[in-house]
Amino acid sequence: MFASLELHYKKSFLLFPRIINCTMEKSRLEAFSDGVFAIVITLLILDIRFPEVDYSQFAATLTSVLPRILAYVMSFIIIGLYWVIHHNSMHVMKKTDRGFLWLNILFLLCVSFIPFPTSLVGRYPFEAGPIMIYGATLIACNAVGYVMVVYVHYHRHLAMAEFGDKYLRSHTPVYIIINGAYLGAILLARPFPLVSYIIYIAVVVMIIFFLPNVDDGINYQAKE
Amino acid sequence: MFASLELHYKKSFLLFPRIINCTMEKSRLEAFSDGVFAIVITLLILDIRFPEVDYSQFAATLTSVLPRILAYVMSFIIIGLYWVIHHNSMHVMKKTDRGFLWLNILFLLCVSFIPFPTSLVGRYPFEAGPIMIYGATLIACNAVGYVMVVYVHYHRHLAMAEFGDKYLRSHTPVYIIINGAYLGAILLARPFPLVSYIIYIAVVVMIIFFLPNVDDGINYQAKE
Amino acid sequence: MFASLELHYKKSFLLFPRIINCTMEKSRLEAFSDGVFAIVITLLILDIRFPEVDYSQFAATLTSVLPRILAYVMSFIIIGLYWVIHHNSMHVMKKTDRGFLWLNILFLLCVSFIPFPTSLVGRYPFEAGPIMIYGATLIACNAVGYVMVVYVHYHRHLAMAEFGDKYLRSHTPVYIIINGAYLGAILLARPFPLVSYIIYIAVVVMIIFFLPNVDDGINYQAKE
Amino acid sequence: MFASLELHYKKSFLLFPRIINCTMEKSRLEAFSDGVFAIVITLLILDIRFPEVDYSQFAATLTSVLPRILAYVMSFIIIGLYWVIHHNSMHVMKKTDRGFLWLNILFLLCVSFIPFPTSLVGRYPFEAGPIMIYGATLIACNAVGYVMVVYVHYHRHLAMAEFGDKYLRSHTPVYIIINGAYLGAILLARPFPLVSYIIYIAVVVMIIFFLPNVDDGINYQAKE
């Protein structure tokens, strides 16, 4: 039934298929993604709820809330990093198609999930389960991100000329190293929970500080 | 009283009516709608709350939360689909008027309501009531969407030339099929709740994967 | 102390004052306001929480939640209306200054408050208190909106040429009628709560449907 | 290991480093920041929750919620002020680099944290702890803001010509005075909690009303 409809559409050329396909410009995809990133990063604060206690227990309760504050800081920076990477990745894109669009929605689905494991590690900071779920969520984000790179590799007409053959090849080891580190963090969560956190933070710090800075004074010019 | 005011306005031509009418450009309507979509899709995560339990019950509680996670995934993708369809639909619009504007607000009202039935199916996953409310919400979204198409059909000056006479005629069966499927899911919710979920998911998968892809390399060009 | 700093600034001409003053373009003010409107309107759904009950009480609980759903619909449409009015009002603005900027923030403060009385009327639908607070909030929104019109009247260089002398004069009765109606709703809240709701809804319907539509095919043109 | 990768990147010149570095334009940084500001300012309302009480206790409960409403108003205006200052500060920027980008994310992290101390002062309005945490959060925001000014001072190529040598020098006393005032508020929180609030509000009022207004009719022109 749908097949015949489809045929009809292919002939008529002016409707639902067009509705689904024709006009998701790159800029709107970016704007929507930016919106989701901004909201996810800001919703994190909602998990830091102070229990309804008498003020005499204020200091003790604040101490018990401290892990949630630290989890807030960690996830804020990690989501901020995903935003930066997402944004810069979009720069090599020339066009977008339906497949890429849905991979992007899947990526946002994973990133939007981060507040949940953040809430868990904030509540049970030294238990293995939450740390493992946190790591698994990050691996899922990275995996979808990697599939997006692979997708563009095989749909080269979507990308700018800069996106050469080496792009995928040079990115693959980075994804393997990062996800390998996260996998290690998951495996170490039970015996050494603190080591897992150090790994999560170290990966972020590494990416922010140690990946080379090739600013050449051109790329960052303001577009007012 | 209002009538005389109205008359006065019609004569003076420079005020409240203008305030209400003159300047809702299509681009701002899109930007506002994008914002609402991005927020609704991200708010879904807030419903996945982990109850305050001792860690010894972590695994059991996580299992009990699993339906909410699945409901999150389902609604995320459905709202993502509405966003894609809404966006592409706007592409055939040239202008917008007050009627269309308010139909759009009504459409956003329905989409913004989705987190509520999502919360219900996440909590009572195999009960008929939540599944029926979920389906009814989707039918409401589609119905308002269809009214928007009809509205444009009868206010052709709002649309681009592509929006020909066939547009409404060819869309009608698609809306009937989809809403018919949802209605079936509602009716089957009591005897076969699982079938209802399969229908909800099948419709989405069908739209995403099986409606023909007429990308021609022109429509998706980046507008940087 | 501040005074001397101020003097220093006035002389040096290149700093904090500039930071505060120079570059709030109208477009950014609109974008920020749009964001706040989109968020407030979407947050409304968060108040419709289904209590944690056994499914056997589903129907009864759903009935008890119904007033919150109706309050959601009412506030969604009212905030949507404020968004439309705000947007169109900005159309007569040419520039913006610090005073207008802060009046706008005050206006957003009032609109952002609407979820609170919405929550109250949803919970105690036929009690006078919540209905009165709801009306008072709307009056506050309108009052700030009216002050903005007065401000522009006395700072005519901020406005387009369309904003003539008659603008304020012709708006004043509209504001008086609407706020008078709301005041009536507040006074009637105790004896006739239902009448108060009818007034709230009637005002919205009146503005949406009965204020004249002066679309002339020019103003709504798309700006792609 | 990362070092060798880095070398490889430096040679190949077409990948991950580019992804991290090349294209965060000033405009996107502003849009993302605007989004975060709009969301934080609107989320404040979520803290004003009316406890589930019988209506007979409505007035008493409303009184107990009043401090939260006042805290909402105070934080709304303070975040609004940060938004205005952030926005105007961006006006002297020409480009942005990775360091500035991450300082900005750190700044947003601090601002996004404000709902938490707001919730505390709303709940324990006359206790020292919440007032001190509130002040410390504002000092953290200002400190990061000041570091951003210092950063631009030492990376002058990022700034417009207006950002002369005097910029940092003239801003420093303002930051010292404001943070000194906040520090005073923290120290006075235990003996005189009311004085602390007066200081918080006085600083905001001072900045809004008493810093000189150098509008010259050019800077605020609309860019439609």
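Each chain gets a letter, A, B, C and D, in the order it is written, and its residues are counted from 1.
We take it that a contact is a pair of C-beta atoms (placed from the backbone, for glycine too) under 8 Å apart; a residue touches a chain by one contact, two chains touch by 3 or more.
Keep in mind that this is a model prediction, so the values were computed, not measured.
Shared contact partners of chain B and chain C, listed by label: none present. In whole angstrom, the spacing between the mean C-alpha positions of chain C and chain D is 24. The distance from the centre of chain A to the centre of chain C, each centre being the mean of the chain's C-alpha atoms, comes to 35 Å.
The set of chain A residues that touch two or more partner chains comprises 31, 35, 39, 43, 46. You'll find the chains touch as A-B, A-D, B-C, C-D. Put simply, chain D touches chain C in their complex at residues 30-31, 34-35, 37-39, 41-46, 48-50, 52, 55, 58-59, 62, 69, 72-73, 76-77, 80, 83-85, 87-89, 91-92, 162, 164, 166-167, 170-171, 173-174, 177, 206-208, 210-215, 217, 219-224.
Those residues of chain A lying in contact with chain B across their complex are 1-3, 5-6, 8-10, 12-28, 31-32, 35-36, 39-40, 43, 46, 93-98, 101-102, 105, 108-109, 112-113, 115-116, 119-120, 123-124, 127, 129-130, 157-158.
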